[in-house]
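Take this structure, written in structure tokens, and hold onto it; I'll ask about it next.
Just so it is clear, A, B, C and D label the chains in written order, and each chain counts residues from 1 on its own.
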Amino acid sequence: MSKAIVCHAPEDLRLDTFETEALGSHQLAVRVAYGGICGSDLHYFRHGGFGTVRIKEPMVLGHEVSGIVSAVGSAVTGIAAGQRIAISPSRPCGQCQYCQKGHHNHCLDMRFYGSAMRFPHIQGAFRESLVIDASQAHKLNDTLSLSLAALAEPLSVGLHAIQRAGSVFGKQVLVTGCGPIGVLLIAGLRRAGAARIVAVDVADAPLVCARAMGADETINLSTSPDGLAPFAANKGVFDVMFEASGNDKALRSGLDVVTPRGVIVSIGLGGDSTLPLNQLVGKELELRGTFRFHEEFAVAVRFLNEGLIDGRPVISHVIDFDQATHAFELAGDKSQAMKVQINFGADKVST
Amino acid sequence: MSKAIVCHAPEDLRLDTFETEALGSHQLAVRVAYGGICGSDLHYFRHGGFGTVRIKEPMVLGHEVSGIVSAVGSAVTGIAAGQRIAISPSRPCGQCQYCQKGHHNHCLDMRFYGSAMRFPHIQGAFRESLVIDASQAHKLNDTLSLSLAALAEPLSVGLHAIQRAGSVFGKQVLVTGCGPIGVLLIAGLRRAGAARIVAVDVADAPLVCARAMGADETINLSTSPDGLAPFAANKGVFDVMFEASGNDKALRSGLDVVTPRGVIVSIGLGGDSTLPLNQLVGKELELRGTFRFHEEFAVAVRFLNEGLIDGRPVISHVIDFDQATHAFELAGDKSQAMKVQINFGADKVST
Amino acid sequence: MSKAIVCHAPEDLRLDTFETEALGSHQLAVRVAYGGICGSDLHYFRHGGFGTVRIKEPMVLGHEVSGIVSAVGSAVTGIAAGQRIAISPSRPCGQCQYCQKGHHNHCLDMRFYGSAMRFPHIQGAFRESLVIDASQAHKLNDTLSLSLAALAEPLSVGLHAIQRAGSVFGKQVLVTGCGPIGVLLIAGLRRAGAARIVAVDVADAPLVCARAMGADETINLSTSPDGLAPFAANKGVFDVMFEASGNDKALRSGLDVVTPRGVIVSIGLGGDSTLPLNQLVGKELELRGTFRFHEEFAVAVRFLNEGLIDGRPVISHVIDFDQATHAFELAGDKSQAMKVQINFGADKVST
Amino acid sequence: MSKAIVCHAPEDLRLDTFETEALGSHQLAVRVAYGGICGSDLHYFRHGGFGTVRIKEPMVLGHEVSGIVSAVGSAVTGIAAGQRIAISPSRPCGQCQYCQKGHHNHCLDMRFYGSAMRFPHIQGAFRESLVIDASQAHKLNDTLSLSLAALAEPLSVGLHAIQRAGSVFGKQVLVTGCGPIGVLLIAGLRRAGAARIVAVDVADAPLVCARAMGADETINLSTSPDGLAPFAANKGVFDVMFEASGNDKALRSGLDVVTPRGVIVSIGLGGDSTLPLNQLVGKELELRGTFRFHEEFAVAVRFLNEGLIDGRPVISHVIDFDQATHAFELAGDKSQAMKVQINFGADKVST
């Protein structure tokens, strides 16, 4: 028996008890250590979903988790009980037309933790214990804490966004929106060799974090007199822009400061957006969506393991499992929270 | 002395007389043969411009022209009087940061015929005689008529749009909007090895032309019961979509039928467009602008010269120079006109 | 019971009799119609293999085949007995690391007809009847003959080589070596929008075929006084070169005439090759291998079905099944043979 | 009057005296601070050239230099006397077909310091004072020493090699050859986000430097029992290989350990190389040359300025100007030297 954080309806989170799942031969049993609260978790908690995606049955939330292996399936080799791991929440089918093209994040039969995109919903990972496929487990170095390891998932989102941009090596880059995804993306950009990273937001606290994660310059658009205007010279100076605020105005402002043939990567899952298409056409800009990740999860764990990316400035709060509702409320308060993690207690026992 | 078609104000076209320009050492004097009326010419004629681009002084229209060389500058080699040519309307500076990157269509000092984007405006090519830089001249084969040669410019726009899409070879392609640019683009797509070309419009006549130019399937969205719905299966079947209608709805409908990681090339210089950004993000689509052309002009002339693209179905009317206003009115009537060309008379004399 | 063309040793072909295979639920039984003799078939026939690949047990040859469906497995839908098809010889596993990246032609468990790369060898398709996976069958239009349909496989090799080159649209292209692969590649290049195709060989007959398939210019290097020298101006004029002769000298000569940053695609599976690496470095050339195909097979069938590529000039001989050894000897005589096909007799009965 | 290091013949270096050049309106006069000895300088010194490139008249050597501005041309703005700078040795014409494509390193009229590729040769930068185009000057931060700044040029070579590889972000990378170019390349790879960098050489000292510059693993191929064999599993594990040793065997060994569709970038300007072409074809590898750099120079200075790349482990010796021959002899002794720099004395005065 183990407990899980279940969303029954907007603002209605409960700690429900579940039967322990059976362990398959290619699977691992895991005690969950830390789980980060993501924007989509927050949307389920506050609004019951986003866009057309709505919770229609109680759903365990969460997909940013680390843990400790407690039991190993009979066919699994190379991993033992006690191993500390980051857990990929993504389970594509491997068979459909998209998996066979290497586009696993577009799998027609995706089972991604804590998602109401399908019905029955795919239950999430905010639970004390979990049975996972062995391929979901990524081993941690001794030097990496389980809390930092739970950043592997949002970091993967950032790394995939960078892949979507093509190469950023030696490029001038703008990031609009410095929430947890934005600042982890900035760390990825620094690691990917961006020559100059300008980060903007409408509050100061996220910009402090952005600098700590590697931004060269930061601008608070709500207080700066010029905003982005100086960057519009000669049709725009940025080779690549990442829109991580979900704000329509941010996207529009980017069209002025991105150079002809430049790339704008849009990360946020917002609603309708009104764009001056003639500007996109006249400057031959490229607006690209980015969605989740696939092979980037392993890279994210490697960067964290080797200390090539340091996620410490991102984690603002760690809250105990039994105060889940408080943790979600905190995560929704941008004035004080960056990434809020829930401690499921696994490492109290054995790490 | 020679005459030119000058737009003084909306619906005010005049045949004004100009001094013959002096011939520079690296230049050619040309008698103009045929000139095709483009959508931007029409916008100047009807509305005095488009978006923020407005005519502020009388401007010679036109940029799709062919002609016959009448005199050769002292430093020019390899071309003689009497040579039949297609004339590129694009004169980038070669020095600015964009020219030095090979992005000449974004030149900071571009002089493109018949454009009010700058002030003083760049005067156009709808005139009886013209002095051009030798580098603007592209020789014609004997087998190619001067009328067909004047399609080189709009064909170049289509070829550049295809380059912007990346490769279309072996791909499933959708074209929305079958005006002159759309159907020349379709001819380019067939030549570029698209495996399947589906063309849509809201009228039948353009679709007949689209088939003649190489479309495999055509759909009249105003009469088809299903429209594009059958193409939305499994997240969409088209690898690439070209939006050449300038219609917001067309762009939106494409988001349903373009496959994940697919590319949408937007050709039209419309105004604001409202897009469901979450769909672009979730499917990781790429929306790319395309604007004019550069090296594609030479390729367009080659394809026409070698008969690899046959433009005959596109030219619906050829009207004499002195009936210019009639020609413009006709060009604006989509129920009967595809490409309307003006005959400037050069080939009455010598071809 | 059905007969097959089996290579027991160099120059030792036999018509052996095999039990009819059982028909699985996702499979089709097929009467084979035509089979083209490929260079690798010839190597097995003449030398027992190539490089380190050697026949170690009797092996049915052949992988370029068309046929007629004679029976349909219980789980197969959308195809009926009597259907005329081209048959893909490629059966990747779909599970390994390369299949999951969309690189199926590098499958770690590939079963490609008539290949001694593995042991036990993968038996080939030169047999009267065959049981195939339903996914290997590609339907033919009524307008396409079964003989032409058997060109789908070598055409796929050419189309994949073009994909490997990146885009050839609007480019200047050189093809060295005009055997069956070379000339089908040329047809693909014309269809893919190459602006200019120069083909070279050391004999006249293949060059005649190259012109028929779409080459703009042909040069017989054994008789031309200048060879490729005129193309070396300004560091070289070709954007892309395809080396399909397997001749070391051809590859070296290409380094002189390919433009800086140009691409050389090498198709032939030759042995060691000595290259002036400093030239490749100084001009920043790219030498890329190409091997077999994957999704290009469907595109090849489509191009043949729609008449977008006409393979008739390529087929020089069609020989009856019972004269297989004669057919192989003929295929090896480059002075008279282009593609030699074997008629397995299926269409005598039902088409 | 100022002195320069002139190569008159193999092993014949002299300090000759030159007239001070006139200062053009768009130029800067510079006192040279430090100059790094490059492999090509060494080839001129030892052998009078490499391949077909031979010294035919006395030539000033050197192209890796930093300095201090001493006078400013009348039309130059934004820079003042006393400014510390890195100097790009590359002066493309800006007009030829390659410059107009953005491929300036292939300029048909390139004037690159200290190169005998043309005659008259382009004189080099190992001199006490120099007149440069203002566009060659790249300003240094106060925190960057003039000695480290002289690494900008070889670092640019490495950064350009990385650009030639496409993206290395998140990739497994092999570097063969850990001379100054190899180790600066490794620093670039770490900055460009390579997930894992394996460096090999045949001596220990360069491998120590490779680790200091960011390699994850190093292998001395002359002493390791297994060499690269463990990396050949499943057709090879490296996504990208950089060949910086100029050794034929290194290139061949790479073909075994680079994954199908992997990229091999060859940096060395060696002579003929014998390759197993069938392996390149069968695995669809890409062998790409890389030559010098263009826009990467500015990026290199930025990375050095910002401390994003630390070149200190690379500089093994700094030798005074008047001991130039000793400096060149030292630079040729791989057992003790990594990068050897010559101190021209500019910073004794003013920094």
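Rule of thumb we're sticking to: a contact is a pair of C-beta atoms (placed from the backbone, for glycine too) under 8 Å apart; a residue touches a chain by one contact, two chains touch by 3 or more.
Because the structure is a prediction, the values reported are computed rather than measured.
Asks: Half is the threshold here, strictly exceeded: which of A-D, C-D or B-D has more than half of its contact pairs identical to A-C by residue number?
Replies: B-D
Asks: Could you see whether A-B or B-D has the larger number of C-beta contact pairs?
Replies: Of the two interfaces, A-B and B-D, more C-beta pairs touch across A-B.
Asks: What whole-number Å value describes the gap between the mean CA coordinates of chain B and chain D?
Replies: Here the centre of chain D sits 45 Å away from the centre of chain B.
Asks: Mind checking the centre-to-centre distance between chain B and chain C? Centres are C-alpha means, answer in whole Å.
Replies: A distance of 39 Å separates the two centres.
Asks: At least two other chains touched by the same residue of chain B: list those residues.
Replies: Residues 103.
Asks: Using the touch definition up top, name the residues of chain D that touch chain C in the complex.
Replies: Going by the criterion above, the answer is residues 50-51, 97-98, 103, 105-106, 108, 164, 234-235, 251, 260-261, 266-278, 280-291.
Asks: Show me the residue ranges of chain C that touch chain A in the complex, using the header's touch definition.
Replies: Listed in rising order, the residues of chain C that touch chain A are 94-95, 99-104.
Asks: What does chain C use to touch chain B in their complex?
Replies: Against chain B, chain C makes touches at 159, 162-163, 166-170, 188, 190-193, 195-196, 216, 295-296, 299, 302-303, 306, 308.
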